[in-house]
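Multiple structures follow.
Below are two complexes that have chain A in common, paired first with chain B and then with chain C.
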Partner chain A sequence: MTSQEVRLCGLLLQEHFGEVVEKVGTHLLRSGALSLRALAHETNTPLDLVKKSLCVLVQHGMCVFGSGRRGPGGPTEYRCLVERILYTLRFPRYIYTAKSLYGDTGELIVEEVLQRGEMTMSSVVKTVADRLTHNMEDGRSMDYSEVISAFSSLVDTHFLQRCLAACGKGNAATSSEKTPNSSAATPESLTDCYKLPQINLRGRGKRRRSSGDSDVDQRGGKRAKLENKELCGDEGVFWQVNFERFHLHFRDQAIISAVASKMDQTSSEIVRTMLRISEMTTQPNAAYTQPLSANEIFRALPASYNISRSTLDQYLTLLVDDPMEFVGKSGDSGGGMYVVNLHKALANLARATLESVVQERFGSRSARIFRLLLRKRHLEQKQVEDFAMIPAKEAKDMLYTLLSENLVQLQEIPKTPDHAPSRTFYLYTVNQLPTARMLLQHCYKTVGNLIERRLFETRENKRHLEKSQRIEAILASLQVSGAEPAQLTEVEEMITAPERQQLEALKHHINKMDSSENQVDETIFLLESYISSTKTSH
Partner chain B sequence: MPHVEAQQRAMAINRLLSVGQLDLLRNSSGLLYRLKDTQAASKMKGSDNQEKLVYQVIEDAGNKGIWSRDIRYKSNLPLTEINKILKNLENKKLIKAVKSVAASKKKVYMLYNLQPDRSVTGGAWYSDQDFESEFVEVLNQQCFKFLQSKAEAARDSKQSPMVQRNSSFATSHEVWKYISELGISKVELSMEDIETILNTLIYDGKVEMTIIAAKEGTVGSVDGQVKLYRGVNPIIQPTGLVRTPCGLCPVFEDCCDGGEISPSTCTYMTEWLDF
Partner chain C sequence: MSGRGRGRGRGQLTFNVDALGIRSGESLPPSAVKPSPVFPPMQVQPLPLQASEEVEYMLALKQELRASTKVLPFYIMPAKPKKDVVRYSDKYQSSEPQNNTIEWSPDWSRMPAELRVKVRKPLESRERPALKRKVKSEGKQEVLQKLEKLEKKEQEAASGEEEEDGEGKKKNEEEEEQEDDNDYDGEEFEEETDYIMSYFDNGEDFGGDSDDNMDEATY
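The block that comes next holds the complex of A and B.
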């Protein structure tokens, strides 16, 4: 892992879990695999704190452990997974996707599971029902069955999956069909990874009342105690978020929006249908989906788009002929067999990202040179000037700037065995994969910078924030104890107008930085998918 | 001339050659003689043989011109002689020197009344050895607007998608006609020139090209192919990285925590946040 990745992971760990976990986590990242003793010794933290931090990391799936270098007899070694820590950056996107697909219930379920790392189904259902009930109007409450149905739909579409038990965790009777764990088994290979346990959970969400009726409180208290003792029948079956599935969904979304902006809405709907049909049948890192016949696509199109069969064929032909090659034709049976070229689509999206970075940073003429080099692979200085129709002096300047930023490389082809400069060809070229990797590191650094700046701004304005919090607390207590409006206004005026403005500005800044972190994360996702897809296809 | 003997013929030819009325050429089957027209013959009066030789060499180079060193190789004359002869010929206005656009110090010589070839002067894009970038930009934008309006018209026509796409295409010939009719160019532009402009639009990512086979003889076809161009939309919006100040920062590499340039003190960020 690179220094930028480690720095970013450190910042994320600190934000979500605190300083101790950050210290332990970054040390583990830098040193690879360590045993518990070595870790405690090197980080100078007490052993029990180290144990607790490791527990937190393991709970969230960011740390794995296993027998170490000395074999099964020696101490277990712990390793931190960089990718899992970096996924915390993407949590808002996961929650938003769950909300758009499954509504508020889905959103809260995913949020709870993300926060706790792993949870049993019953605890998820109870917590979510309580939260939803709290936000509803008086007198209504959320039934557990609705939450259970949302949970099951999330599991059916593989957005949630069971956790593989760590060595030595006890299982309840219902999960007896669980296979013995082996480190080589992946969640996808276990068919009961998505099997819902039988739980007997009936009831409704509880509303948290600050000053409720006494009998409700009494009854609620008693019932709460009862429920704590109730076993819901799914102990030991923990659920976690299936990040890979979310990533596939994001990738599909990116491809569909690219098709929509390049061609038109109907083509993107067709591609969306194709991707939807092949959701379950395609391997995660496949270069293209399974072939789909035009008949299948026609049947699966949403009813609102009533286009005729011949129009569908025309659209498919147009998609195949498009230079971007999102869709390819793999045969003629069944009215034509079509595949979505996932790897090519990702490569095109990554290329568009690189071009956009060059364009925004250096101007559209440099972007022209960059695209020219991407197309023609290797060109001499003179040829670049001729093709791009840019005066020689300016073209030279731009090429050298791009070269110094390492976006463009120089390839020497000597004519003579001694590489005399006057007798050597110098060709400019762009390599997409290394450039994408370099930009990915830049993205990590940028997100780190944004987080740093956000923390800095919060620290700077700590005094104001504390003051405003105190005033709010005073106001709330005054309201509860029934004060006069005059007293309330007096308290409110304790915050002066410029301070109020400053607080507003601070809020605005922090929101802006948060949203830009999300935007950079989109770039990170595209580049990461492209790099991993290229790795597996070679 | 069958009635003249071979010897007499040879003598007559030699005399004419020495006076300069005949040109001696060689082709694969033997020697050929050509009558020089009298005007050209009178030009060379007063020049000696060396000058005639140099003049011949320059004439052979056609409209690409020839460099002085190459003249020396071809005529085997020493440099000083060559320079004297060239100066003489220039004064007599028989040859001229043209600066090459490729290497600005190099001068090529060619006959006075010939038009320099495109490779020397750079063609339509160069006027007096200067690249006319504004002209190219204007042409660029005009072509793009033409293709874009054609694509929009096709999209609004709401016909079947195949017809829509086909009608959004324009052949290079159509674009050439449009630009010529627009009359923004003082120089006559050929179809290849327009194609180079359209290629720059492709490298700008605004236009895509396909080649289809066409019957020989359809207007604008070159070797049985026709190039079609179409305006396209970009496939993604400007990416997230460039919406932050770090993505465009010129001192990105120097920035680190606690240094002089750091995220906490970054002025670009301050400006951006207050935006």
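The block that comes next holds the complex of A and C.
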């Protein structure tokens, strides 16, 4: 829980849930586990507001509660989870992935579940059907069964999962979902974690009518309310987004695009096929996929790629021999057993990220020195100059700049028991893991700065923004009531040209900052995956 | 150990000059005497952002999400500052929930019970069910009998007791209005009679009852 993480979490909470939740959340992050009373007292917030904020946080899975230090008899304590709050930065990426895999229906399902934290299947289906119907042309409406089928496919591929029973209850719940022996049951360990409930939901999406048919609307509204109260057979079964599964998908995408850019399209297709076959059989934090025989890969290749068996073997050999070591050979049976080295691939991707950061910041020659040190581990000053083929003075300068930025470390090796400087070796070295962690913190700080700058820009131009919104509202109402073009132009001219320019510039800046946030988040994801992969391999 | 090197001679440095490649007479970079500037000028310009359809779609998604979270019930507003005067327009203009409950209904079996904000019902509605229950349990016939008894006892009964019964009767009559249309005229007649009777009773007994307990002078 570093200070940059806490700062970023605070900004994200403020953006999504308001200042009250931000205050409560950041305090909880900083202090660890607290009870309700202690939290209200320390943050000087009224108890009701604290209760509301905690409800919001628990609903979205960002806060867990349990019996505290005093055991089951004492007050429940609440703990905030940093990772879950940081995932909000990545919501657009999750929604876009769902769209690319399952179309508009899947996109809306994932969006609804992300925004509300956890939902029952029936409420998701109804809301999504209504939204889709709203966007369709008149007369057509979305059938519930299509939405249900999209939902089922999301569950089958594990992108959505059931929520656990409440962990705060001291005694084991009698519901069938809880496993009998573990108190910290992960969703993966539940047997019916991905089982769809039997619901009897038939119907079509409802279109929200315009204000013209007010009578019909009222009657329809009452009927809709009555229908909402109908039990659909899945009360108490809540679904949430399975973030780990999305992360595995992103990781696979990163590996495939790396292979495509390093080698060619066909090799990336082969790697994609290998990853697709082993999607369900590989554990989430495994170091390599299950071994696959060349025959299996050949059979599973997509029909559009009709390469011969020998070509496939050649490609696989090339992949194995590549220094990046994405693919490894683990045996010779079945025409050769091949695995995808997941952890190694992540390490290589992280290393490439570090190298490119150094290159963009300090120039290509500093990047050469950095890569040299990564490869050769420990080098003296003289050796660095020789291997990098850079004149001594410049090499010295670059090394000192990198040292001052903490990207390169100095290791002393004394020759004598007294560490006399004249008789000590000073070796330069780069440690990949600590450097990656440091860069990750820089990324968090960057995103925090971007958000703060965006808020600052919005605050500065608040007056302009409000004025333009009011004028848009006036324009819209005039158009609806059928005004003449002269009136419309008159209203539009209320915004002067320089103001318009200023607004354009503001919009441009905000768009730029938003895309930067998205792009930095990609780096964050890569570095986080690398760091967590090194944790599990110990 | 390092004190040995530091003690002798001023020009000696703590690190080996040769190993680090600094010859004497070369200019070292100037030492920093203040913290680095907040926005230092950048030597190299950063790369331009990626610009593809995917990127633009995600940008639009991000902005939409940001706008929609403000509307969802999960956006908690800070407590309203106390107004100096209660204004009439507050009744029609207040947009926040009147009580401090959350505006969506989670599954309370999966949340700690202490987070539930209990709504306290206003006082009159709490008393009303108590009175209704008390009167309802007697049944219609018993109430009519009681009324006849009261008519006989109107001289002796204290004004307070009758008023209470009258109130209970009024509430009972409000209930029974829907059920019983036949007795409507009779009840109304009785109500009017009751009012007039109590008025007369006040005139006769009010002074007498209060005189017993009066310590202070009447004004």
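Couple of notes before you dig in:
Simple rule for what comes next: the second predicted complex is superposed on the first by the 514 of 538 C-alpha atoms of A that agree within 3 Å, B and C clash if a C-alpha of one lies under 4 Å from a C-alpha of the other, contacts with A are read in each partner's own complex, and residues count from 1 in each chain.
By our rule, a contact is a pair of C-beta atoms (placed from the backbone, for glycine too) under 8 Å apart; a residue touches a chain by one contact, two chains touch by 3 or more.
What you are looking at is a predicted structure, and each value in this text was computed from that prediction instead of being measured.
By the document's definition of touching, neither partner reaches A:E279: not chain B, not chain C.
Of the two partner chains placed around the shared chain by superposition, chain B is the only one that A:K445 touches, whereas chain C remains out of contact. In the superposed model, A:F65 makes contact with chain C only, not with chain B. In the superposition on chain A, A:A392 makes contact with both chain B and chain C. In the superposition on chain A, A:H509 makes contact with chain B only, while chain C stays out of contact range.
Contact with chain C, but none with chain B, is seen for A:L36 once the two complexes are overlaid on the shared chain. In the superposition on chain A, A:E112 makes contact with neither chain B nor chain C. Residue contacts after overlaying the shared chain place A:Q519 against chain B and chain C alike. In the superposition on chain A, no contact is made by A:D104 with either chain B or chain C. Overlaid on A, the two complexes show chain B and chain C touching the same residues of chain A, namely 360-361, 382, 392, 512, 516, 518-519.
Listing the residues of chain B that touch chain A in their complex gives 102, 125, 131, 133, 136, 140, 155, 160-162, 165, 196-197, 199-200, 202-205, 208, 210, 232-244, 246-248, 252, 255, 257, 262-264, 266, 269, 272-274. Interface residues of chain A facing chain B in the complex, by the touch rule stated above, are 257-258, 261-262, 264, 266-267, 311, 314-315, 317-318, 321, 323-324, 348-349, 352-353, 355-357, 359-361, 364, 367-369, 371-372, 375, 382, 387-392, 394, 439, 442-443, 445-446, 448-450, 452-453, 456, 505, 508-509, 512-513, 516, 518-523, 526. Interface of chain C with chain A (complex): residues 1-2, 4-5, 13-16, 18-21, 29, 44, 46-47, 49-50, 54-55, 57-59, 61-63, 65-66, 68-69, 72, 74-79, 100, 102, 104, 106-107, 109-112, 114-117. Taken in their complex, chain A has these residues touching chain C: 15-21, 36, 46, 48-49, 51-56, 58-60, 65, 75-76, 91-93, 95-96, 111, 115-117, 163, 165-166, 168, 236, 238, 360-361, 363, 380-382, 392, 396, 400, 418-426, 511-512, 514-519.
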